[in-house]
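Listed next: structures, encoded as structure tokens.
Shared between the two complexes below is chain A, which pairs with chain B and chain C, respectively.
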Partner chain A sequence: MRRFVSALVVFSSLIQVAPCLGGTRPRYGGTLRVNMQAALVSLDPADANSADPVALDEISHLLFDTLVRLDGRGNPAPGLASTWRSDSGYQRWSFTLRNNVRLSDGTILTPQIATASLRSVNPDWRLVASDDGITIEVSSACPQLPMQIALTRNSIVQRDSGRLLGSGPFTLSSWQPGKHLILKAREDYWKGRPFLDEIDVDLNRNLREQTISLDLGKVDLIDLAPGQSQRTTSEGRATVSSWTNQLLCLVFRNGNPSEDEQKLREALALSVDRKALASVILQGDGTPAGSILPNWQSGYAFLFAPSYDLRRARELRDEVHLVTAWSLGYNGTDPSSRLLAERIALNAQDAGLRLQTSMTPNPDIRLERILITSPDTHVALDDVARQLGLPMPKLTGASTEDAYQMEKALLESRRIIPLLHVPANHALAGNVHGWSSQWDGGLGLADVWLGTSRP
Partner chain B sequence: MLVFKPKVGRTAFCILLFFLFFALENTLAANNRSPGTEQLAAKIASVTGPGAVSIELENKSSLDNNQSDEIRRQLLSQLASHGLRFVNQDQAAATIRVTLSENLATYIWIAAIQVGNNPTAIEMVSMPRHDSASPTLQTGTITLHRTLLWTQAAPMLDIAVLDGNPPHMIVLEPDQVVLYRYQGSGWEQQDAMIITHVHPWPRDVRGRLVTRKDHLFDAYLPGVFCQSGNRTPVTLNCRESDDSWPLGNDLLNLNGFYASTRNFFTGVLVPGIGKQSTVPSFYSAAGLPRAGYILWLFAATDGKIHMLDGVSDQVTQAAGWGDELTSIRSSCGTGWQVLASTRSSNSDSIRAYEIADRAASPATLSVDFEGSVTSLWTATDGTTAFAVSRDGRTGGYEAFRLSVSCIQ
Partner chain C sequence: MGRRPRPCRCVAGDEPAVTLRRKLLLAFSATVFLCVLTVTWIVLTTTRRAFERLNEQQTEALIAQFRREFKRRGDEVMNKVTNIARNDSSARMAAAASTSSRDYAQFVGDAKDIADTQQLDFLEFADADGTIISSAQWPAKFGYKENDVPTTGPETNQSFLRREGLPDGSALSLSAIRRVEAGSAVLYVIGGRRIDRSFIASLEVPAGVRTILYQNLTPEFSRELLIDSSGEVARGEALEGVVRHVQIDRQEITQRVHWSSDSVDDEDIYAIPLSGHRGELLAVLLIGNSRRPYVEFSQRIQLAAMIVAGSGILLAILFSSWVAARVTQPVEQLAAAAREVAEGNLNTQVEVHSADEIGELADTFNRMTREILEKRELLVQSERVAAWRDVARRLAHELKNPLFPLQLTVENLVRARELSPEEFDEVFRESASTLLAEIANLKAIVSRFSEFSKMPKPQYQSVDINELVENVMRLFQAQFAAGSIECRVELTANVHTIAADPDMLHRAVSNLVLNAIDAMPTGGTLRVSTRQDRGRAMITISDTGQGLTSQERLQLFTPYYTTKKHGTGLGLAIVQSVVSDHGGKVTVQSEPGQGATFIIDVPDGLEKLPRENASGSNYSMRGESGA
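And now, the complex of A and B:
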């Protein structure tokens, strides 16, 4: 077998660390105790300002549904919409709502509720509620609209005086923003009641506390920082890694760089030793990236293979007479972010660049962790551009080649330097079964069940 | 009117299976063809024009060496038809590097083309992936045979085969029953019948197909009972129902009530086993005819095995057994064996056991599956069983016929 296939097999084994216990059917009942590092203060899936979109995404899946979901191959499949169709120009889409779906307060989901929800997130869309569904009109051809509809931010939410009502498998039983939430299984969930009775989530827990709690049997599921998973596995704990669905990258604040600035940015891209970042700081939890999307998703990422070329970086730097100093911001609550930023600054200095880590509010460059939210290359690129505030290249078609051209244009804008593709990692107690890694790193907790064996 | 002839003999069935495997192999071979080579060759030729080129091909996909070699052969042939000649790199006007890659849904073949000092041109084509799995068999003194019947991406709850002329196959899915007819080259869909239901299915939805003599089949689902017609086109009438499900077959008459919002039987039995009409809630059951009574084994939701003989309920842990049990009639050993799923860390297996004096002893080697066994039911005549597994790698479903023989 080739290395690529081997990697897939290894990956498959990673996400299968805690599948259903062989030969047994899922058990109903029990409370899953979860620790999260994130201090979520809002559970609204449309909250674009969330400090932790990964955690928000995970919780959103439990409380809300989308009209379209993604199947095992990443293709659109019926969610709250049972069917959909478009006109020949892919500008007008009609979605038929599933019958008898109820929100968590017992209200029947109506086309009006779905329309209002989507309108709040997509002000550019023209939305019309009909008797049995909704119609969406967009300004230009959009063959990927069902994939966009499947994004978590397009979850159907009824926002009612600060309350968020959804149709998801769990309902909010208790909520202390930034601290704690309890989710209760819904007996009337349209896809079948979850196996768990409750999920009890402690937020804002640092990683060390989480690990201790797992060791003491006080918690069933914890976050792992990048770089922790291999060590955790070697210590005998069960770990689960998602798809490499996050991109660590450098994002420049200013667009339209001058010619000199472009050379300096290219020099910075060439000066970063990504292999060392992945192997030393993240302990093998990341893959060097020269592309925005990982190869498992696009199939063409190897065309943007990253290179580490200090000599060429210095040449480029020497072509510029006035080298400006950059400030590099990072997430101060994430210890690995600080280490990564410091290493990148050292690499830059090796190339003669002036880069200083900083906690100022508007640094010249930000070290970002971006969640890749869709398996569809076009939708994912569009969403990454939206998350980073980058101008989206004009979409010319729906083919893989078109996606390649879009990504190429985004990279050639010199606003973003991809560094690493990293997975979401979790450690779990031995009694947690039925785990399935979701496209966007979600927990898939509606299918998780608790066995009898405690660690 | 749809007529099913009486069951053909075992020899005829084996011949049928041979042709089925032959057809499957041909289908897989057809899937391995490379429709993208022509398209990619045309794109490459539009960049290079006719002339001398050098070409390299690298396989970064899950295609095996034979497949990538075949693609290379076809691509070279197509390029030659566009007037390209293949030479060493130092003699070439253009160098072409072809990479066979893939993403989740498609194969992507990419050509990086360098003509002189021009920037590298990138051309690519993509086509849907056709993943498939091949069955494996293990044998022992008594052999448990596993025959792949059907694979599909959509969930399968149960499967049944009607041996007739032509043979038919029924696939129970959560939302429809699909009837296939064997047409010499493979199974062709004849009818698809929608299952209507008011209440949502439980998350681990289960179901059972039972073939009948006076109509084609009955389908049992959580809280729903469906009965087919016996004329073409086949109709399906479904209704909300708390009727009990058959646990055995024509020779083992016992029914159990199913918890319609869960994934197990409640434990209430009809008509009961002797004086015993209840057992703890259970996932599956297997009946073993004994002199004067039938011994029933239940895989209970508490992980224990209950053995009921009409008088006593003996509880055992049955180490290593999973939640799926059924029984099968054979000409081997005591004549009836229990098929039980077995627990492993990643994938499931099924093994046949003899039950002597309430103790289980392995009768065959295990038959391994790529993922988890999600369904295991005895066939109506009891001589075979049908198993469905979900491939943990691809997420697809595979249905198998299981039988036991004493012949190597």
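And now, the complex of A and C:
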């Protein structure tokens, strides 16, 4: 946890938003205009098929709440649940709901609504609604249950005939899937009305358009691709970066590889010059990764230290008489993603591997950016496995050793080759104030307010 | 004029003869056809040569234009690369690349931005040892070596063709390279423009000409590497042969490519190898010159030639018909007249219309027929006189023999009456007997002459000549058996029946056999044979007698001519008369001392038979008269 705290300190130092550093009184009102690269077609936080879980996570925080939230340091803090406790075996957990919390349509949040919401996402749990809260029973000891409850996908949502009702600080005013949405501040939010009146989000905007819009003052907040933050900062724009809470990795479509295939995959892992990817393509916006979780989170990632060994990669390739040509898919809307994919293909070529970048729907290998959704090691690993569709090794305990074994098993499945840990980056206009430190680098727009002047 | 020429039959056979008019017609038509053919060939050859000259000129102009355009584009690229090399950012990049850290990160995107600004398709920055610092076309290639950097030699001041490696393959570029020196730091700027469809489209070519570029990027021919101004070349596999030739020989060639079975689609392809600065073959420029204009023009000429030739031949036929008619009509009249003369009509004249050679020939022909007619009249008169004289001589001879005994008997009666009346009665009885005998002799002579003058016309029947000969020989069988004459009958088997009067022909053959027997008083061999050939029947009677002199052969068939003591001289005349009445002829071959051979040659004459007698032999002998 000390490592985590120190990482938060580093993150805080990365926030370079001068106007928001005190000295200015917050004010209500105004519309925050946001551009996002993601083309969200669903706002359901439980949508496991979302093409951009990072964006979904950020929007979900504005519309929905969880029973337990994570504070700026990543510790569990009361959310919709005011208190919680467990039995001694960590199998039965009781959560007491906060009183007089209303959903966006004005109805009171009841234990039944919360139970139904959690049951839809966690069918293995035994959920019981009581007068003032809910009880969750799990099959095995789960001391991290509050951390799991804090995951965005466990947000309390009332699904009513296709409508999603939440208790978040904003309510959905307008929604064009994949294109545009407007969020309107709720006067009756249980934590108090947000400063902003509205948040206007344009979806599916490419990064170049976003940058131009920011320069022209047409937008207040934009995404930055990994590698863009340094240049953007050097050009005088305000940026905000999280710590490295995203994993850039190669994910193979097919599981259960043969022995030869495993050698080829290992050769590919050894052939990639991660340092060049991080330092040149991402301009230092990432660290080479050999593990799924970053070292600041797990503490054991150095045991999976990435190695760039072209000679060994060639040897492995030569041991296999299998001629394999892989297709490598990437996110076509992200220019750095394409560059990364081409560089990986070039590295693989050096090892005698045939890897061709491709935009086909089902490539042999995907270059993926995975959001690490929880500061808890076990919960994060479990969620990564869920996001990638990998079989989750059986949990044997809650210790670091157990987490290490679990991650090792995931890596040895040869379905995933970690490449880099990268942060989330945003650029914002000068009139945006009130950033709060989110543990995961989320936007925290509920506390943002707009200054009187625009740059 | 007025006489229409009859169709002439060839003497040698039954094949239709080609008339003079047809010959002239054919000659005129052939002459016109050959003339048109020759003119067409000359026009086509001239056109082809002109087209080929034009084609060569167009191709040369296009090649020159391509080279100019190539140089102009190359100069453009060189200028842009030079500008980039002179830019401060290049100097900074050179300085940064020379440091020990070699931090490429800050420059990795520069090449792309600069290339966009300078409108270059390809741009790379490489450090002194050729390591790529930044690449516009393949940004991920930083840190890799660039092979085209002349690290050991001077930079070139000219643009060159280059194969650019790309993430998804390779492309062809017109590139230039510049060296940047910032103090001790060295940087290479390599920029280029893609040689692609737009480059090809920028070449202005005349109608019917197109340019195709084959990018020699793979060892094997691939039609996807062929590009023209419209993009990918349809049915590009047809160009594989040309490209392969250039790949092997590395020389310019010209080849005709057949895009379809229609020659209109043919195209003359002029292929030029395009090499990189190391001499490697990077591309093949194909200049296609469509043969459509030439083929269509040629087809139009051929069509016109056919029309002209057809019209010419038609006109030639009409004109030559008229000319041939003008030329051949007098000749045909002469030919017709000559045929009439040949048929015995000597009173034939042709009309003379011109004073040329034909006119002179016609006049000569008329004069000739007139003279022949006059000579024939004279000949007939003289022959008639001679015949009467001969008849008179024969009559005198025939009648003198019986008259002389009559005179002696009458004189003997007168003398007996005067000298010995007592014996007169007895003398009278003897004389009366003698007188009656001689008178009977005179009557017999008169009767034979009368019989010769009353030869009947043949009554045609179907006659088997073998059967006829056998019947004749059967009459003389006893005579042969008793005498010293050997008889050999040689009959040809399977002879066809002929139309003849069996009695008359029997009589003629009998007369000849009798003559042969008379010609061999001391014995010999008599040969009788039959034969049929080409619608004619021949009966040959040969003896081994004393033979005939030439004078005897000439007079042999003259009536009342005989060499025998008791002959009337009518036997062979009757034979000739019979054979002649049958439309045939009788000939004799003989030399003194070598016997004689008589040949009766008659046509089968089946058309003379009544229909019911056309088949089978009706031969039966009515009787026999001696010669």
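Methods note: the second predicted complex is superposed on the first by the 435 of 455 C-alpha atoms of A that agree within 3 Å, B and C clash if a C-alpha of one lies under 4 Å from a C-alpha of the other, contacts with A are read in each partner's own complex, and residues count from 1 in each chain.
The definition used in the following text is that contacts are C-beta pairs under 8 Å (C-beta built on N, C-alpha and C of every residue); 3 or more make two chains touch, one makes a residue touch a chain.
For clarity, every value in this text was computed on a predicted model and none was experimentally measured.
> In the superposed model on chain A, is it clash or fit for chain B and chain C?
When both complexes are placed onto chain A, chain B and chain C end up side by side without any clash.
> Applying the document's definition of touching, compare chain B and chain C: which contacts more of chain A?
The partner making contact with more of chain A's residues is B.
> If we overlay the two complexes on their shared chain A, which of chain B and chain C does A:Val128 touch? Say first, second, both or neither.
A:Val128: touches no partner chain.
> Does the superposition put A:Ala446 against chain B (first), chain C (second), both, or neither?
first
> What is the angle, as a multiple of 10 degrees, that the CA centres of chain B and chain C span when seen from the CA centre of chain A?
Nearest-10 rounding gives 160 degrees.
> Taking the superposition as given, does A:Arg25 touch the first partner, chain B, the second, chain C, both, or neither?
A:Arg25 sits against chain B, while chain C stays out of touch.
> Determine, under the contact definition given at the top, whether A:Phe195 touches first (chain B), second (chain C), both, or neither.
The first partner, chain B, only.
> Based on the superposed arrangement, let me know which partner A:Asn295 touches: chain B (first), chain C (second), both, or neither?
First partner only, chain B.
> Regarding the shared-chain residue A:Gly284, is it in contact with chain B (first), chain C (second), both, or neither?
So A:Gly284 only meets chain C here.
> In Å, how small is the closest CA gap from chain B to chain C once the two complexes are overlaid?
Between chain B and chain C, the minimum C-alpha distance equals 25 Å.
> Using the superposition on chain A as set up above, list the residues of chain A that contact both chain B and chain C.
Common to the two interfaces on chain A: nothing.
> How about chain A: which of its residues touch chain B in the complex?
2, 4-5, 8, 12-13, 16, 19-28, 71-75, 187-195, 295-300, 302-303, 375, 377, 399-401, 404, 446-447, 452
> What residues of chain B sit close enough to touch chain A in their complex?
59-62, 99, 101-108, 110, 112, 122-124, 126, 153, 200-205, 261-264, 283, 301, 303, 321-324, 341-349, 372-373, 392-395
> Across the complex, what residues on chain A touch chain C?
273, 276, 279-281, 283-284, 339-340, 342-343, 345-346, 356-357
> Touching residues of chain C toward chain A in the complex: what are they?
So the residues of chain C in touch with chain A come to 103-106, 108, 138-144, 167-168.
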